[in-house]
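Chain lettering (A, B, C and D) follows the sequence in which the chains are written, and residue indices restart at 1 in each chain.
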Amino acid sequence: MSLLDFARGPGLHWAFIIFVFGICWRFVGTLLIARRIKLSTPRRTDNWLMGLKAIETRSWPVEEFHRVIRFQHYSGYIWHISFFIVLFFFQPHILFFKSILGISWPGLPNDVILVVGAIAVATLVALLGRRLSHPVLRKISNVDDYISWLVTTLPLITGFMAFAHVGGRYETLLALHILSVELLMVWFPFGKLIHAVLVVPSRFQIGASFGRRGVRA
Amino acid sequence: MSKLDGIKVRVEDPTTPHWVTENTRPLLHEIHHALQRLLEAGEVKTIDLASLPMGPADEARLLEILGVGEVEACIDAMGKSVIRETRFPGVWFIEHFNTDDQPMGRLIDITFIPTLLLSQTEDMRQGLAQLSLYLQTDDAA
Amino acid sequence: MSLNQESFQEFREVIRQLGETVQPVEGLTDNERVRRAKQVFLTRVHSAMAMDLETCIHCGMCAEACHFYAQTKNPKYTPILKVEPLRQYYRRELGPHRWLFKLVSRDITAKMLEEWQELVYDSCTECGRCSMICPMGINVSAMISVVRQAVAEAGYMPAELRAVEKEQNEKGTTFGAGPNELKAALQKMREDGVDVSIDKDKADVMVLISGFGINITQDALLATVKIMNHLGVNWTIRTDAYECAHFGMLSGREQTLRNSTQRVINAAISCGAKTVVTGECGYGYTALRWEGARRYGKPLPFTVMSISEFLGQQLQAGRLRVRKVPQQKSVTFHDPCKVGRIGGVFEEPRALLNALGVELREMADPVQTNWCCGGGGGVFLNNRAAPLRQAAFESKRSAVVETGAESVVVSCDSCRMTFEIGKANAHWEIPIESLVVLVGENLAD
Amino acid sequence: MPSKTLGESLFERGVSRRGFLKYCTALASIMALPPTAASAIAAALEKAKKPSVIWLEFQACTGCTESLTRSHAPTLEDLIFDSISLDSHDTLQAAAGHGAEQAREQAMKDNWGNYLLLVDGSVPLGNPGFSTIGGVSNLEMLQETAKGAAAVIAIGTCAAYGGLPKASPNPTGAVAVSDVIKDKPVINIPGCPPVPVVITGVLAHYLTFGTIPELDLHGRPLAFYGQSIHDRCYRRPFYEKGRFAESFDDEGAKEGWCLYKLGCKGPITYNACATVKWNDGVSFPIESGHPCLGCSEPDFWDKGSFYQALAQGQWGSAAGLGTAAAVGIAAGAGAALLARRKQHQAREEQP
């Protein structure tokens, strides 16, 4: 079995299994830890609404915070948006999703994807540079942060290599690209990348719990 | 069931597809560069068309652009070979056929004159020997 | 009126020597310290906190929300870093992937807890501002208070806090302000012609005061009494449960908090109070309003309101009538973290200021993003943290200065004292006024 | 035993130097060497001797032989009569039955240690009776004939990798020639069938230089298999631009756009089709509007549908995911319940 066959076949299969298994394990295992029963009289009873609202409001920091976290805020947006554009609108990726989900959607021209992909990589590099140089980030960073950076960056790098056929034979590059995505999927449930899933309940909770005290969080 | 004549048939000219690939342009650039080198440094160059990706009608388009120049030579050795200068002097188009008249190779030579046109020393020696033999026999007669 | 300067200076002296009044915690083995800390973590983690512990992406934004970081730029004051012992414990022993994390991480140590003492006690006022900035919606400050408790149980609480906490736990008093001192202070008011109703058997409203009010912020105590009389409600102050402050809460001692809470609840039930009004004390409000029911084990049989909240509602109901302040002036209002951001009281104090006819100039970071004064969480008692507190106070000071307001109105004794101390240290001339005092002085006839 | 060199025999037949040079230019072209190599080829060829060639056919469809006979330059006749001695080929030779076997044995005897062994078709190991010639099993004949060979050339995907016979479930236990012959150089010329010019090109290389060409990791001559179809495809610019035919009859297909989405295996297939082309250089599959099947790659039959795009995974069913989710939920619930119990006990113990 060639590397590519492994990557596209059993590799992908097991990566998906670990991905789904790990996420369910972590999510359910966190959610089912005993809840705190709140006995105090709520100031407001529309906690659900406040929770939902926080999911949105935490995407757009209030002006007073925005002043000091402008860089993180925008770089975060640029990174996530460019990453999702490449992930969901590069035509071969759409084929990949089609083979799994059975649905497809229009893609973007490759030139656009290349530019957006370059922006994604540049942002990641800038963010790593910041993590390595900013005193706070250097202090609070752990192995997870660097591994997560690496496994997120590798698919982009190998994707570029496969697209441009640089650095090896195409089947090897494609295999490495797929393997790097599998690595990402395998790491996802165990590292901080899980925030992609947990951000929703986490934001909801703070909105709801502050909301019942009458504080817009 | 629909009948056969219900199927619409449209005949398209296979030699002139209405779509365009971009494979001739890089090649023209290569020829341009080679011609420059030939003039500046006397470097000759041969391009084997069989080694290049060519779409349908790409070659025809290339030849159309290269056009026909002043010289056209024909060699008959192990099959026919046609050597033409294009409208860009110094750029030659060479076609080889085998004894069954099947194409064996298509080349573009960027040179003052393709080597194949020059008489070969071995052939000349053989020719000389034959001429000598003729003269001897003629003299003897 | 303003606070009693003589007592205030005495009080500062008391604070300076506070730490010497208790013996250091000794005789605890490292294992025992860790075991105790873990016990705290184990009992206090709940699902929402677990979610928060799982979701952090180490983006560092919370640092920017923290006045200790903002003023010192020292990365160790990053709020989420203060949670590290809890996070480490959780991942290894409670989290869903604990079996995996145990393979690749190290256990918390007594040394770590000792090291964290400074981070959770000296450089955190539990103001909750970091919880407001987190893009993942993590309630950082709630977790820091758990770490506080763990560090406290491990025997690493700062001596000053231990002293006060111990006093409240053992004697039920703070800074020596016991029932007798209270009675004496109230007796003096009676002599001045102010009617005070204490220890009523039946009362609709039970008022709690901060122990500081007996000695230092007597103006606030007097104003409170006057206002309650003005309202004409059936109210009382109980000498068996008058103390609003909960040093058990800010020091992280659950048992002390439980006892002081229970004392208030018992008194309120025995006099049949429908409403318990907490004086100008941040922790006092949160401890009873939001945490009281949990300690009580069921919903409280009365309503809890902070005094600013209570007065604001009385104003809206038309029972509280105030006149415009004689001299038109501009003020800025400092929301005490525990009443505002953590407590949810924003509108009522503003309604009061509006009724008083002052020009309210909001700070650039108003209401729930308000900068903490830097003294909360007992930091204003912590001598070691004094320089750090003064640095953090700068965030508040510049926010106030920016408004150009002529005075600052606060509604928390602890904030008020932090302002006074900070103001003196910074040689900053600005009146610091209590909201209750402002209302009390301007009651309509 | 051919004693004359190729140059001698050509010149004797009245071939001029010019003709010889032209022949060498064509050879350079089919060997995928630069045209400037023609003179080096000429120099080498002049001294080269005709090698003897034995061709064995095992589990094959004869397509490879068909392909070889359609080699357009130089013509097969040129190759056979001028360059090599094809001493034994079951399909092409006149001799049949025992005569054929004798031809093979004679050629082996005459050229022991020097002849080239060409094989097409795979070798069944499942049962020797699955494929025999004159009662001799393929395995036995291969081993016997290979003994005296200078080199072995596996022609076609079956000989090179096992090919169609080896496709799952491989009922005959078919293996590649290189799985049997371990002590001789084996050159693989895969393809189903291989490009005819590539076969002659490899033979020409051996003939010219007397050595086996440089091979890639699958034992294929780099000169022909060094670049992917995709790399040399004239439709590549459409790929770069992201212009793909979505079906065989849509506008994209008519416009000649890239066939990637229709399952083209060009990017992972190494062969010379895109430049050398087929049928006297007329066309190749992609030019004719059909995606590359990847026939010169190992196990191409077993790599999913020919029409499944490369970007698509081959990960079987989603059933595993349902199980993974269920097990994950169970693990999470278990972990949380254990944590709850631990917490509950701790709270109970508290004073």
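We adopt the following convention: contacts are C-beta pairs under 8 Å (C-beta built on N, C-alpha and C of every residue); 3 or more make two chains touch, one makes a residue touch a chain.
Predicted model, so just to flag it, every value in this text is computed and none were measured.
Among the remaining chains, the Cα-based centre furthest from that of subunit C is the centre of B. Among the chains in view, A has its Cα centre nearest the centre of the complete protein Cα set.
The chain pair sharing the most C-beta contacts is A-C. Per-chain CA centroids place subunit A at a distance of 43 Å from subunit D.
Centre-to-centre spacing of subunit A and subunit B amounts to 58 Å, using the average Cα coordinate of each chain.
Here the spacing of subunit A and subunit C, counted between their Cα centres, is 38 Å.
Between subunit B and subunit D, the centres computed from C-alpha atoms are 30 Å apart. The set of subunit D residues touching two or more other chains comprises 331-332, 335-336, 339, 343. Under the contact definition stated at the top, not a single residue of subunit B touches 2 or more other chains. Residue positions of subunit A touching 2 or more other chains: 25-26, 28-34.
Under the stated contact rule, the graph of chain-to-chain touches falls outside the line, ring, star and complete shapes. Listed by label, the pairs of touching chains are A-C, A-D, B-D, C-D. By the touch criterion stated above, subunit D contacts subunit A in their complex at residues 228, 230-231, 240-242, 244, 260-261, 267-268, 270, 298-299, 303, 308-316, 318, 320-321, 323-329, 331-333, 335-337, 339-340, 343-344.
The touching residues of subunit D, counted against subunit C in their complex, run 331-332, 335-336, 339, 342-343, 346-347, 350-351. Interface residues of subunit C facing subunit A in the complex, by the touch rule stated above, are 45-48, 50-52, 54-61, 63-65, 69-70, 73-76, 78, 80-81, 94-97, 100, 131-139, 289-294, 296-300, 303, 340-346, 364-365, 368-369. Remark: subunit A residues 25-26, 28-41, 43, 54-55, 58-59, 61-62, 64-65, 68-69, 72-73, 76, 134-142, 144-145, 190, 192, 194-195, 198-199, 201-207, 209-210, 213-217 touch subunit C in the complex.
Residues 17, 19, 21-23, 46-48, 50-56, 58, 75, 77-79, 81, 96, 98-100, 102-105, 107, 115-116, 120-123 of subunit B are the ones touching subunit D in the complex.
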